[in-house]
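Take a look at this one; I'll ask things after.
Chain nomenclature is as follows: A, B and C, assigned in order of appearance, with residue numbering initiated at 1 for each chain independently.
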Amino acid sequence: MSNTFFQKDIVSVRDFDREKFEEVFKATDKVIEMNPNERRELARGKTLGYLFFEPSTRTRLSFEAAMASLGGTSIGIADASSSSAKKGESLADTVRIMSLYSDVVVLRHQLDGSSRFAAEVSERPLINAGSGTEEHPTQAILDLYTIRKEKGRIDGLKIGIVGDLKYGRTVYSLLYALGNYRANVRLISPPSLKVRSDSTYEIRKKLAYTEATDLEENLTDLDVVYVTRIQKERFADMEEYVKVKGSYKLGPELLKKMKDDVIIMHPLPRLDEISHKLDSTPNAKYFNQAKYGKDARAALLALVLNEKGI
Amino acid sequence: MSNTFFQKDIVSVRDFDREKFEEVFKATDKVIEMNPNERRELARGKTLGYLFFEPSTRTRLSFEAAMASLGGTSIGIADASSSSAKKGESLADTVRIMSLYSDVVVLRHQLDGSSRFAAEVSERPLINAGSGTEEHPTQAILDLYTIRKEKGRIDGLKIGIVGDLKYGRTVYSLLYALGNYRANVRLISPPSLKVRSDSTYEIRKKLAYTEATDLEENLTDLDVVYVTRIQKERFADMEEYVKVKGSYKLGPELLKKMKDDVIIMHPLPRLDEISHKLDSTPNAKYFNQAKYGKDARAALLALVLNEKGI
Amino acid sequence: MSNTFFQKDIVSVRDFDREKFEEVFKATDKVIEMNPNERRELARGKTLGYLFFEPSTRTRLSFEAAMASLGGTSIGIADASSSSAKKGESLADTVRIMSLYSDVVVLRHQLDGSSRFAAEVSERPLINAGSGTEEHPTQAILDLYTIRKEKGRIDGLKIGIVGDLKYGRTVYSLLYALGNYRANVRLISPPSLKVRSDSTYEIRKKLAYTEATDLEENLTDLDVVYVTRIQKERFADMEEYVKVKGSYKLGPELLKKMKDDVIIMHPLPRLDEISHKLDSTPNAKYFNQAKYGKDARAALLALVLNEKGI
């Protein structure tokens, strides 16, 4: 019997139910515990082809490291928008040809729907490494995995998501994913950076959440704080930016007001929204998160490439 | 006894006779049929070093995928003209050093003769991945292989080559290669984009061909249609460009007028000279061509690296 | 008992004593003599993560080739200053995350001290591939290895270092390294390109050297001539540049005045400070030097990654 993900595309977190998440989480647990020699059999002789139309060094390296840990090879285009596409080639042709050169295709693209479309033309399974404004399924998987691994569960937790919730597909993917769990979600952001109203209807179908503005007042009871970067270029008014930025910054003072066993997460890269002083505290889990990211992606690749799973 | 290509340079399609082509074609057949584990022994622990002075994502990835499928590793410079060369290093030094780091060197360079010259200084076999205006031997090999594979033979076929025949080394390489077969070649292009007159003498030594201007009138009896991209930047007069471009476009209407078993090829990337509507027809072979390209390059690398051949 | 370098950072040539150099030299001898299959076990399944904040194709490829020859994989950022750093990420975060994805981190950075700092935050051993104005330990190792290999020893040799001694970390690393041997060092450069006075105190603690200006007069008794590139952009006065450049150029005429068994070295890339006419002489060792560079780096990686050494 073949595993659920064998030779399947990973396009949207909205295609996942709780059972699917658990399947990947268990595979990730296994991949982490595995003997390296055994692990290297999972993609031995296989090739991952990546196409990044938006550069994203972090995600690319995470996939490359994952593939290498499975014994496979990665080839690809780190800045696809400046290569074949420059010659005017269609996304369909670029994806299709990459799928002739590799066993699994990893695509990052700025347009909504690009990944779904690409999966249709690809001759090999396609994994969405971020598309449009909402979809980044492997990030959502690694985010949930980190919570589960560090807190032992996701259900029943109080989870705060902090910062810029308007832009950045990471937040949307996470919210859609959390809809499969009974988590207590609080969104904490400046009014101008709240979740986009055209997405709330869809999110609320599965996830009840509350919204708040003041960070300090809303941190004390949280089990998980997920911080995101507030980007300067989102603000027309620089004074507003400086004010907002200053008030969504996590440092030692705020940490003292939080639960002893709170975990702090961040998709990275961070600027100064989390003080480096927190890095050495047991609450800081953002580097673990990056490490689990590599393993969760390895697990996913292994499931997609191996009929019997891991 | 060692195979013909062992430790030899692949510089020009003009160094190939029919026997040599057949040797690579047979090796390609074998590589395709081979068990992946066996295939991965052919370059196990070997390193391919690539130097692309002209960027060419497609060709680079094809070589990298080929090398990976043989169990080898690729390292290199995807945009060599903006790296060492920027520091003023000579081509000779760049090639020579790359040849100290690898087992086979793959070079793409804009100058005629660059590849021949580079082969002389390289301490390892050098494969020309496109040089100057005429040479792209591995493209010619994969083009012929595709015809042979899809039509069962090359001799006796009616082959039309369509579009911009003036610029683009692909066409010249293909014409020199076809000179080794008894094919019936028709060149179909606007008058301003005919094969360069300074090359015709050399080509005609081995290949008889006819020339035509009207696409529609010249398609009905062809067994193979090889389409190339017409590039905007070649025209001083935009009106002329639009006119020409429109009349060298293959779509469903023209396909109806062609032989049922005609095969349509294209070196890719394509713009709109072949309608996407043809992609799903059994006549469209340009994606197969790309796939065979990877395998033909793998076969060539395997021959160059293994004394006993494949 | 574990080898001296196992899981250790390689940050500065100043951390090396004679014994350490000899340990790497012996390992390099072994790596060169080794059966390729055996050699490929030394980093099997291991990943090298490189971060080049200053582009350096040569050094990067040398490390990648070295890693491949040990059976390992390389991933990384060839131009780190234009990727994550562009998003404002700190060096500490970039290095730390790379260290979560790989087994050894290779860093090139323009700032003095960057490598020492990065080694502290890295969770895996970090190898300095050039930092600031003075440090390039793996270059110094391969330079000394080349002398030892080609001349049989380092002690007692007359070594001339020629050209731009003011800029270029290669020269400083080499001088610090030579301080561990009883070599007779002569620095030959135009007055404006002498070793920086703020470094001479430190260098002179371990190394006695003399300085000279005229190349021709100072070559006749040398056993080793180490030539460096004189860069145009260092000169405010173009006339001065042309004069200086012309007089620090090694050609057949000067070679005749040198010892028969003198060896000529260069860290490469070279411009015209060594005539191509010397390339085929037995004295020219700069290509060997590049080749040994790959092997010396492979040896170092093998020592860092394998407890028992090689």
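Heads up, the rule we're going with is that a residue touches a chain if its C-beta (ideal position, glycine included) is under 8 Å from a C-beta of that chain, and two chains touch if they have at least 3 such contacts.
All values reported here derive from a predicted model rather than from experimental measurement.
One copy, subunit B, sits rotated relative to the other, subunit C; on C-alpha atoms the angle is 120 degrees to the nearest 5. Copies subunit A and subunit C of the same chain sequence form an interface built mainly from non-equivalent positions, shared numbers / all numbers used being under half. The distance from the centre of subunit A to the centre of subunit C, each centre being the mean of the chain's C-alpha atoms, comes to 40 Å.
Shared contact sites, meaning residues of subunit A that touch two or more other chains, fall at 73.
Across the interface of their complex, subunit B is touched by residues 45, 47, 49, 73, 75-77, 83-84, 87-90, 92-94, 96-98, 100-102 of subunit A.
On subunit C, the positions that touch subunit B within their shared complex are 36-37, 40, 55, 57-58, 61-62, 64-65, 68-69, 71, 73-74, 268-271, 276, 287, 290-291, 294.
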